[in-house]
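One structure is given below, encoded as structure tokens.
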Amino acid sequence: MYRVVEIKEIVDEAKNVKTFRFEDESRPEPGQFYMVWLPGIDEFPMSISYIGNLKGFTVKKIGAGTSRMHELHVGDRLWIRGPYGNGFEIRAGKALVVGGGSGMATLAPLIEKLENKDIIIAAKSKDELVFLNRFRDLKPIIATDDGSMGYRGFATDLAEELLAKNDYDMVYTCGPEPMMSAMVQIAKKYGVEIQASLERFMKCGIGICDSCSINGYRVCVDGPVFKSSILFSMTELGKVRRAPSGKKEELG
Amino acid sequence: MYRVVEIKEIVDEAKNVKTFRFEDESRPEPGQFYMVWLPGIDEFPMSISYIGNLKGFTVKKIGAGTSRMHELHVGDRLWIRGPYGNGFEIRAGKALVVGGGSGMATLAPLIEKLENKDIIIAAKSKDELVFLNRFRDLKPIIATDDGSMGYRGFATDLAEELLAKNDYDMVYTCGPEPMMSAMVQIAKKYGVEIQASLERFMKCGIGICDSCSINGYRVCVDGPVFKSSILFSMTELGKVRRAPSGKKEELG
Amino acid sequence: MLSVSLNGMFFKNPLILASGVLDESGDTMVRIARAGAGGIVTKSIGSEERVGYPNPVICELPDGMGIINAVGLANPGIDSYGDEIKIAKKGGVPVIGSIFGSSPEEFVFLAKKMEGYGVDAVELNLSCPHARGYGMEVGTDKGLVEEIVSEVKKAVRVPVWAKLTPNTHSLIEIAKSASAADALVLINTVRGMAIDIDARLPVLSNRLGGLSGPCIKPIGVRAVYEVSSELDTPVVGVGGITSGRDAIEYIMAGAKAVEVGTAVYLRGISVFSQIAREMEEWMLKNDVGSIDELVGVAQRR
Amino acid sequence: MLSVSLNGMFFKNPLILASGVLDESGDTMVRIARAGAGGIVTKSIGSEERVGYPNPVICELPDGMGIINAVGLANPGIDSYGDEIKIAKKGGVPVIGSIFGSSPEEFVFLAKKMEGYGVDAVELNLSCPHARGYGMEVGTDKGLVEEIVSEVKKAVRVPVWAKLTPNTHSLIEIAKSASAADALVLINTVRGMAIDIDARLPVLSNRLGGLSGPCIKPIGVRAVYEVSSELDTPVVGVGGITSGRDAIEYIMAGAKAVEVGTAVYLRGISVFSQIAREMEEWMLKNDVGSIDELVGVAQRR
């Protein structure tokens, strides 16, 4: 059953990324997601990027559904169900947060809950960096592939430098799968625990259709946030995903 | 959905009347009833005669179902659903309780809750008086039609004598319908409030089949206990009931 | 805002008491009318008095999902029913006489009697067991349905509603054979059963029964949607309607009015006025002036 | 106490994962087997890759009543499925390959492929839309059902299960036409629909869907009871089984084993071991040594 929420505010965050604010009484944890239905158009999963009463989805324009969502105005409605899945587990100690592109949407409410943290905000280019303003006071370390702002290069290289220099108790990451997959390897190498929020094509969102499964784990119910032990065992991470038909396909 | 309860104790109360004690977690009020199913035999309504954790049904052998119930032993099981209906409303002040035959089953837990009360226990004959022992200390006034014990005559005549001599705030009654119907007239005459627990053929017990209705009121949901204003308006009371087919028949 | 005209009858709201639920005695029907129902369908009445099946005749399902019943078409018989109709009419809302039989002749006989008693319309309950087919209902025999409907139409002047069963794979075809009716009523109960595992027996004395309540709502909405997309005969929706949202859902699927049965058990007899208020609240919030505007809107794509 | 032999297959318990629920990928099936399922039926596989319907493909019903789905037989296609079966077999429980098609030839082709991949049995999903009948399913055409079952029986040596639809008025006759199968699986989902009144549209992109979960349990129990009272072919029960009591209810109705689908959503993947424990508890309390003793006991009167 869907709830209907009204869009209260729309914020341009970066190139092709907008945040839609709405009120809803659910109490999600950072890392959980909702299924968002645009009647007559599509339904797709969205992480929660603001978890207070004035909640938010931070949406990157990708295809038909997200493009349509970008055309919505304040006062328009969204149909949502959720929150679903397991969010991040917050552990005591020092955390390294590595967010790539719109992966920052998922990490943002976590960052606000963490006490002791270093933050990497990464993107291909300056105009794709998400939530720079939101976290300005936290002095995030910026990385861009093209060097248009901050560190030039991959977030993973920057993260490895930090891991070599500091003692972290947990790495939290969300971003493109190749980035997350590399981060898992790096965390393993440095013997640090890691939590990553994965993405897979989702149909049901409630753990019955198997379309989001990776190595037998359902991203929608067993994830989307997975911890080290399971991440280390996932042979499909960064390599294989399933098409909407359920057919395996190589990740390129 | 039925609950299965085990018979813990069986007590012979009077001629053809037995009490079956069982444990059940429901919390009925005096005057409420349950539907009792004997699988393969029949299902019928029974008032609760003990409302503590060790509950009781006090059952008069009438036909096939109650006869079968009288053959049960300690350790046998009953299938029950309920409690259903509205029980007695307990009001401050002095009460007159008029119980005829197995109608005492319904009144018994009420009597235990009333503070200031006169009690008439009536039956055709001495060996049909129910709960004499249970209420011995309360000094009930006994009436038998044949005079084999106590007052010789109808409970209603005795009640009228008491009403003429005392100020009562409420009359509570349960028993054969002619008795209750007469009690309602007497209470009206003396300007006293009355509550009567009615009986009608019941199928569903939950207010949808209309088989227990009397003047548009469902005994199972709107009753079984009715108050003065409705009782006074019931033209069918003591006169008409419905057969299991729903056809009206004269009460004779 | 909620009023509906259908077959020349005026309903102050589209919430009609469904057949078989609290509609055997005239007094009760008056009480339901006063409690807010827009119309009343009587219990299905046959040509003979029937006591129905022995108890248990109903099985409550958990979590408010609904009930299974096998009342067994208990009814006082048509001959003694004139009196109840006369009383029921005092409720001031349309009274629709439901009848059941197993042949066109029987339906005609009953419909004429009902008309004579003063009902505003008759509803044909086509869910009787079929004499020929194992476990089948009269209402799954297209030829028979067509004959019953056309014969009754010829015999009476009041509107004729045909109530169809959902227990079939030929719903559309059956609806087509009944399309001479003034309205199609969808759906009757769904064949079901519950076994009490401690008793090791079916709960109902008849073993099989009819499922009703919220658990069949998706089946009813689907039936109304399918039939009203295909046919022009007005449709009356029934099955699991418990809230204003449920009623609107059926109306958007294509129903012009709805019937409410099991919800009387779930929410009491005030359910009619409660549903009406919930509908009005939704309509006000969504700027809908008349319920008519919503009929079938979910069929547009 | 819970183990069951059926068609020469050994099930450590009678709780089999139903087709279409968490059984597309081999890895997931292994996980379900390890979580306690006695057997696994794969998602229904067809001859071509199919993406199925666009989202939304499921609609959650309130109060844990169940869901409506219209996944649209999404599947990777038989040619790429050998690998998944190979992995699934590592779960150590019988793996039953479900297949769907619209002609006997297609079913034979798919069944042979599945047998080649090493499945322990095949399950014929007869609920595809019927090419000829409006809204009908292949499984309501008795002649077609009979032909599909007998052709597949001739073509493979593994046991053949035929999964029947409840959306019919001829269940017994259809079951008879499928009785050459080694087991009959009852029931598939019930045709249903939900409309979102705020959106004024059906929720599912396909509009119609299949109802499953606790709300259809009475329909499934009834179907199992009716069919197993009439036929000798073993019956596997499915529809709304969520607890040990539900499983026992189906078994008392006549099922030799059961399948569990939607309950995975309601209680998580540990539902198999939970149901097994609940069954054992009831059996201990009621002095039942083997689940076999309970098959069909509710049919005695």
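Every chain is named by a letter (A, B, C and D) in the order it is written, and numbering of its residues begins at 1.
Definition applied: a residue touches a chain if its C-beta (ideal position, glycine included) is under 8 Å from a C-beta of that chain, and two chains touch if they have at least 3 such contacts.
What you see is a predicted model; the values in this text were computed from it and never measured.
Common neighbours of subunit B and subunit C, by the contact definition above: there are none.
With centres defined as mean CA coordinates, subunit D is found 32 Å away from subunit C.
Put simply, the C-alpha centre of subunit A and that of subunit C have 51 angstrom between them. In this assembly, the C-alpha centroid of subunit A lies 66 Å from the C-alpha centroid of subunit B.
Subunit A and subunit D have CA centres that are 36 Å apart. Within subunit A, residues 40 each touch two or more of the remaining chains. Counting only residues that touch two or more partner chains, subunit C has 61-62, 198, 200-201, 301. With chains as nodes and touching pairs as edges, the resulting graph is an open line. Contacting chain pairs (ordered by label): A-D, B-C, C-D.
Note for the complex: subunit A touches subunit D at residues 1-2, 4, 35, 37, 39-40, 42-44, 77, 79, 81, 203-211, 213, 215-218, 221, 242-248. Against subunit B, the residues of subunit C that register as touching in their complex are 20-25, 27-28, 30-31, 43, 49-52, 54-62, 67, 69, 71, 74-77, 80, 83, 196, 198-201, 203, 261-262, 264-265, 268-269.
Every residue of subunit C that touches subunit D in the complex is listed here, in rising order: 61-65, 68, 133-137, 140, 165, 167-172, 190-195, 197-198, 200-202, 207-208, 211, 214-216, 218-219, 221-222, 225-226, 245, 248-249, 252-253, 282, 286, 294, 297-298, 301.
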